[in-house]
Amino acid sequence: MNPINYLYLAALLFTIGAAGVLIRRNAIVLFMCVELMLNACNLAFVAFSRLHGNLDGQIIAFFTMVVAAAEVVVGLAIIVTIFRTRHTASVDDASLMKL
Amino acid sequence: MADFSFPLLSATAVVPAVGAVATAAVPAAKRTAAKWLALLFSLATLVLALVIAVRFDPGAKGPFQLTESHAWIADFGVRYELGVDGIAVALIALTALLIPFVILAGWHDADALEKDATKRWRPTQGFFALILAVEAMVVISFEATDVFLFYIFFEAMLIPMYFLIGGFGDRAGVDDATEGAARRSSAAVKFLLYNLAGGLIMLAAVIGLYAVTADQLGTGTFSLQQIVQARAAGDLTMGTGIERLLFLGFFFAFAVKAPLWPLHTWLPGAMGESTAPVAVLITAVVDKVGTFAMLRFCLQLFPEASKWATPVVLVLALISILYGALLAVAQKDIKRLVAYASISHFGFIILGVFAMTSQGQSGATLYMVNHGISTAALMLVAGFLITRRGSRLIADYGGVQKVAPVLAGTFLIGGLATLSLPGLAPFVSEFLVLVGTFSRYPVLGIIATVGIVLAALYVLVLYQRTMTGPVRAEVRAMPDLKARELVVVAPLIALLLFLGVYPKPLTNLVNPAVDHTLSVVDQQDPKPDVRVNAVPGEAGTDRDAEAAK
Amino acid sequence: MTSVAAVHSLWTMADGAAGSPLAPGGPSRIPAPHIEYAQLAPTLIVLGAAVLGVLVEAFWPRRGRYYAQVLLSVVALAAAFAAVIGLAAGGFGTTKAHIAAMGALAVDGPALFLQGTILLVSLIAIFTFAERRLDPATHGRPVDSFAAQGAAVPGGEAEKAAVKAGFTTTEVFPLALFAIGGMLVFPAANDLLTLFVALEVFSLPLYILCALARRQRLLSQESAVKYFLLGAFSSAFLLFGVALLYGYAGTVTYAGIAEVVSDGAKQIDPALADTMGNDALLLIGGALVVMGLLFKVGAVPFHMWTPDVYQGAPTPVTGFMAAATKVAAFGALLRLLYVALPGLRWDWRPVMWGVAILTMLAGAVIAVTQTDVKRLLAYSSIAHAGFILAGVIATSEDGISSVLFYLLAYSFVTLGAFAVVTLVRDAGGEATQLAKWAGLGRRSPLVAAVFAVFLLAFAGIPLTSGFAGKFAVFKAAAEGGAGWLVVIGVLSSAIAAFFYIRVIVLMFFNEPKADGPTVAVPSPLTMTAIAVGVVVTLVLGLAPQYFLDLAGQAGVFVR
Amino acid sequence: MESLIALLVGAPLVGAAVLLCGGKRLDRAGHWLGTLLAVVSFVIGLVLFANMLGRGAEDRALHQHLFSWIPVGGFQADIAFQLDQLSMTFVLLITGVGSLIHIYSIGYMEHDERRRRFFGYLNLFLAAMLLLVLADNYLLLYVGWEGVGLASYLLIGFWQHKPSAATAAKKAFLVNRVGDMGLSIAIMLMFTTFGTFAFGPVLGAAGETSEGKLTAIGLMLLLAACGKSAQVPLQSWLGDAMEGPTPVSALIHAATMVTAGVYLITRSGAIFDAAPDAQTAVVAVGAVTLLFGAIVGCAKDDIKKALAGSTMSQIGYMILAAGLGPIGYAFAIMHLVTHGFFKAGLFLGAGSVMHGMNDEVDMRRYGGLRKHMPVTFVTFGLGYLAIIGFPGLSGFFSKDKIIEAAFASGGTQGWILGAATLLGAGITAFYMTRVMLMTFFGEERWRKAPTPSPDQPSVEPAAETRGEYEPPHPHESPKSMTIPMIVLAFGSVFAGGLFSINEAFVHWLEPVTSFKHGHAPVSALAVTASTIVVLVIGVGIAWLMYGRKPVPALAPRGSFLTRAARRDLLQDDFNHVVLVRGGEELTRALVRIDDAVVDGAVNGTAVSVGGLSGRLRRLQTGYVRSYALQMLGGAAVLVFATLLMRGV
């Protein structure tokens, strides 16, 4: 099967993720969508690495996972604190600052 | 002046700067000390300015004298280059001369603010420090022969000016404090933004100039002389379009500062809202930088573009003359009247500059000096009047002449100078400008002449409404001029008379510089169609020689 | 068929594997990576100090922790700065400039200059972090501007207890150090992976720092969550861009990409070549990476986070972010555009033109109607990003050095300005509503005057660093043939002048309000911060030549 | 000798400076000092005169170059004097009459607390007037020209507390400024044409340039003359100028300043001779004005205004004569001098009458005064006879010559001008007789209370309503006032005769104003005869109207012409409607434009930026997801833009 298709898949996943960020309200879900985008990138990396026939892409994928994990830690921490204070995880409520 | 190592020009700018700092540093309790200190420094500056005038040799070769040149910002092609020609000397002298009077006249201007003074907030000190700061910047911008250096101070002087207008405005006739503050600050903001906008557009042109020089001379430079010489040598040839754009960039800034119709609307507000001495500072000192810069930078950097723009500029100047005068007639506020009168006068100056004749440009330069003195006289006396009555409205006066004859007399003389009565200094310059314009553009000259009738109109109307007629109850107890005020006014009037009768020192100073400018722009005076006896010039001079014997 | 070829190519390459770092045949043949530790010293010191800081948090007794942390961070930053100076003196900025750490990091003029700037700024910023005299002492213990316990619910029992116990979030110092470490790497990153990692390394601590304000915790947390979500979002884009560039060039090192870009598509696997126009990969990838960086510098239309985050975050953090982040991000942007994508110049220049113009104008125009000092400064920072972009676009050595100079000048002004903001307080903490600043000039002329100086510098009035910087970038742009960009820049700075002036009017010409804020007298820490800001502003305004030379020498990227 | 010329101007100048700056301590001696200096410069004048007579007719002119004033490129203005016969004549007239009037004023202004200032102004005037006539170039002349304008402004408005006086002063200055415009343009034209504006070169080279240029210069000079000499159309200020103290009216607005226009034209003879069209304009103006002034003079009840009208008319004669060229110059100046004597005398007489009548100026409140102030009556009478041209008295000689010259100018023009001058002479006789009769003859109307009337501002309604009106006590004026009147009376009687002894005056002036005999189509005798006839008719009519039947205390409504004449032939109404109203409208409109348009544009931009800002702000919704959306959009744009650049 042609690895190009993995790229199309990656692009699709990325778009889904982005769309998710735009439509979902819950901070957690939003964040998940971002993770989805990151993973789409991973897929792309791997696919490209396969196409180019070098392993850089695959290495990068590992880095990305680590970074994503770190992001989760920080992200969840923030989201949880804000949930504690507001008793809601809806990002639309966090709109005190505007204009 | 190579043998003369002492940096005279820098000193002339540094002394007031130091004075500003020193004055600002005076502790709150020592208010009067601060005033005297400021006066002292301004006088010291005056002395230095006079030394310059003495050291300066009109006959000497080369456009600039007493030059100083030090590396400054090599990356921008900027050098710290100072130098003066006759025009600059005259204007530096004017500035240095006026500031002491401004300080004296404003002796009590800041006292009103002392009520809410604290250990840190020291209005008096601030007021006089700012005045000195303005002086320093104005002086150096007259001395700068490096476009960038000039630009920097041309812009920077707005800041102290701005605080003088907005912070120490005229409280006369302002019943509601906050409302007055609003009016003042809006006037100040308008002044600043207007000039800043002009300056920024000029900045674009300055950068453009750098790009052009860098492109053609290899290294970008801002040195006026270098650029002029390169032009003369043909090393530097700006494209017509570029040159015009750059010219417009520069001219816009100067036209705002000058101010030229239709960019004048900041002036009446600024002058109306600030105290008389500050108003004098604006119109008699700071605005001169604009017209001076037209003469020094616009014409010399962009001769071709200047010629290209001349018709439009002349028409605008003409409009300023008539428009300013007519609006002055209609004013109800004494200070605004003077402001519009100044607009009319600046029209004359610009007319003279761009008439591109030796009479026109010498006249314009003399005009800058004379207008400075005459406006100072008129405005300061008006200020004394206003502080006495506590109102700027013409309608609130009447019959002052009866209760305060000396005040009225000085006011009248100031007015007569403003309408450029022969025998007083402004007449000389105004007539030169008119002749200079007429000899090349007869129609414009004739139309401009209408200005002298209008001038008579607004001055005499002002005098009649304020000084003559039955004495109004409010002015019945008005005291006449005090000693301090006389000290301010008398010398100015004396100077007006002297320069009216014997302007020769000034013309001798200015003529060579003007000739140089004209040669750069390469323009000759139109020749009369009938050549009478020899060259009148020679006739005049050798008859002088006789007289001397 | 193509796939077969591709697969096959993989095997073959794996067989006779000389060059590949991961050649099969057992670990014995993996060459140990060679790292020039000395040249990476600045980064290593800072990160090491950060780790130490964590340990201090863990084991040091609470009452001494604050001092230990402050000392540690200050020493570390000073040492790192010294290291930078040493490297520069050693000629690594010019002659010996080269790629270190197996192509991951560049040690060259721009990198060192920016690292130096970042370190200085951070040092000052740490001072403001450490300020403990502004807030009234609670329970007899001095407090800084950070929450007693970040995790505690605002106004909840836990927080009360924490305050009572006199907890202070000394974690901010290691967090800051980590962020600084990331920032040091960011402009030096010489391949896209390092770029991405560095980005995250300095972003994540900032997200947390934003959430730690002592007062107005709601705003603080909101700013954190906004910053975090948008940051993550943008970094995802950046990463995808990286992926595409990798796909295009088969490598992520700048040099490699530049090479491929310059000598066309011949290296590309035919499988890719005939399926998708590989230029599309390059262009889209480049655009996305650039977007990720533009987000960090706060360029329109990726600026939305700036005002909200600047407003909500604790002011010292805001100052730190505003100054240091911009420096780092512009450094990275410069390197990317000049080292990796110079071949694409004709594609990205016009686009960046558009971005620059939008940024300048939008920033200036929107700022006109702001009512909150911090938001005002945020928008002004956006406008300034636009000015700097003008210098970036010049694509000349002058352009680089002018940008470097501008960043140096701007960062100190910004830091100083925010430091002043921390001083003006009323019962509710910092009084950031502009209305409250009315008549400040009467109450405390000195502070007002200092702030005025900063504002004038922002406005680019001559004799301040702002003017020198603005002149430098516009000059570079004009020489780069972007005359109209200069004109627009000038116009927008005229608009910008309007609101800076407005603040000055407010402070000096309006009558002070009865319930107006008071100016707290800070400890020497903040005083130093402000003083340094003023000094740098004036020095760079009056005698910029030395620093211009510095930036000029540093204006060459190693390839 | 030359050096004395500067002294001539300097003496009164010093006086002015001292008196105006001196302050109160000079109040007691001030007037003496002023008078002294006036006399001093008169004496100097005499010395110079004697010296001049000592030299041959051709080399009588003296030059003194003080210093170079404004040297700029080709533009060389000097402070230099030229004293030739023409200037000499004026110097003597000015200093002579001036001194007399100084003396007169000592008495007249006795009770005015600002007498010192008054004398200061008078001295200032003398200095300026002398500068005017002594200057050796047009620019310096211009200085004197405006200087006398200033002095006249100050003196007309001397009683500033009276709004009417202040207004009159302003009006005088403004109208003069219009004239000055002409002078300055003329000077500019000279500069561009000849490269100089000194009398010598300009007049010497007048022939060498195109007639068009000369005509232009001539017309501009004429405009100047009209302003200063109150000629139509710039005459309107003179009537109001009577608001000033009477000595001022005598000196400035009768004897000297108003004649400056004649001096200017005569001095510039060379130019006019080469520009016939300009000359035509001059004579036209002269003719019109002499009739205009005469008619106005007939209708005025205010004695000074009546005299002012007459002044206008007499100067009309002079201008006309000057416009006739060489055949007229000398007579213009001669009439100028004689007129200086008798008109000054008449004014001083009028002043003396007012002095005796509590400053009453309305002739309808006079009558039968000859008994009460004989000296005044006699001197005034002599002046009267002189002005109407009674054979043997000054006016007769000078005016007669002008009429002859007018006829001599030849062709229809000659006839028209002749007729005009004759008619003028008749009217002059009429209105002067009217003045004479109303003032010194008939019943003593001042004995009974004035009858109330709306159009008589000079009457205090309060007085007669309360019926407690005590009449004035007419009395002769003090010596200081009468002596000058007597001296002037002598002048008005004999001057003309002396001058005419074998045309002494004409020959005296000839070197300056080339003279040639005009050849009248009618014999000189016939002219003289007809003049006398007209004169008799004029006097007769006047006697019939005012001598035979008593003068009504209240002015009859009169014919339209009378009413128009009372209002200066509606000239002021015209000015008011056209210039004043129009000007006000214009300025108001401009003010509105300045605020709305010029300034509005600026403020408009500011406002619109603010509006834009407000709108853009709304994008900052505060919702993360909208931010994300915008970012996404931005990214998309970025990508597509980049692709577009490559055209992929």
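Read from first to last, the chains carry the letters A, B, C and D; within each, the first residue is number 1.
Just so we're on the same page, a contact is a pair of C-beta atoms (placed from the backbone, for glycine too) under 8 Å apart; a residue touches a chain by one contact, two chains touch by 3 or more.
This is a predicted model, so every value here is computed, not measured.
Participant: Which other chains touch subunit B while also touching subunit D?
Facilitator: Touching subunit B and subunit D alike, sorted by label: C.
Participant: For this structure, which two chains have more C-beta pairs in contact than any other pair?
Facilitator: Top-ranked chain pair by contact count is B-D.
Participant: If you take the mean of the Cα atoms for each chain, which one ends up farthest from subunit A?
Facilitator: Of all chains, D has its centre farthest from that of subunit A.
Participant: Chain with the smallest distance from its CA centroid to the overall CA centroid?
Facilitator: B
Participant: Subunit A to subunit D: how many Å between their CA centres?
Facilitator: Comparing mean C-alpha positions, subunit D is 97 Å from subunit A.
Participant: On a C-alpha centroid basis, what's the spacing between subunit A and subunit B, in Å?
Facilitator: The separation of the two C-alpha centroids amounts to 66 Å.
Participant: Subunit A to subunit C: how many Å between their CA centres?
Facilitator: 23
Participant: Can you check how far apart subunit B and subunit C are, centre to centre, with Cα atoms defining each centre and the answer in Å?
Facilitator: The separation of the two C-alpha centroids amounts to 47 Å.
Participant: Of all the residues in subunit C, which ones touch at least 2 other chains?
Facilitator: Within subunit C, the residues that touch at least two other chains are 225-226, 229, 233, 237, 307-308, 498.
Participant: Show the residues in subunit D shared as contacts by 2 or more other chains, in ascending order.
Facilitator: If we look for residues of subunit D contacting two or more partner chains, we find 606, 617, 620, 622, 624, 628.
Participant: Mark out which residues of subunit A touch at least two other chains, giving numbers and ranges.
Facilitator: Correct list: 18, 21, 30, 91, 94-98.
Participant: When you check every pair of chains, which ones turn out to touch?
Facilitator: Touching chain pairs, listed by label, are A-C, A-D, B-C, B-D, C-D.
Participant: Can you list the subunit C residues touching subunit B in their complex?
Facilitator: Residue positions touching the partner: 441-446, 456, 459, 461-463, 467-468, 471-472, 474-475, 478-479, 483, 486-487, 490-491, 493-494, 497-498, 501-502, 505, 508-511, 543-545, 548-549, 552.
Participant: Considering only the defined contacts, which subunit C positions touch subunit A in the complex?
Facilitator: 2-3, 6, 9-10, 13, 20, 22, 150-151, 153-154, 156, 193, 196-197, 200, 204, 207-208, 211, 217-219, 221-226, 228-229, 232-233, 236-237, 239-240, 242-244, 246-247, 250-252, 269, 271-272, 275-276, 307-308, 311-312
Participant: Going by the contact rule set out above, which residues of subunit B touch subunit C in the complex?
Facilitator: Its residues touching subunit C are 71-76, 116, 118, 120-121, 151-153, 155-156, 158-159, 163, 166-167, 177-178, 181, 184-185, 188-189, 192-193, 196-197, 200-201, 203-204, 207-208, 210-211, 214-215, 220.
Participant: Subunit B touches which residues of subunit D in the complex?
Facilitator: For this pair, the touching residues of subunit D are 20, 65-76, 78-80, 139, 142-143, 145-147, 150, 153, 157, 160-161, 163, 165-167, 170, 173-174, 177-178, 180-181, 184-185, 187-189, 191-196, 201-202, 204-205, 208-209, 213, 583, 586-588, 590-591, 594, 598-599, 601-602, 606.
Participant: Along subunit A, where are the residues that touch subunit D in the complex?
Facilitator: 18, 21-23, 25, 30, 91-92, 94-99
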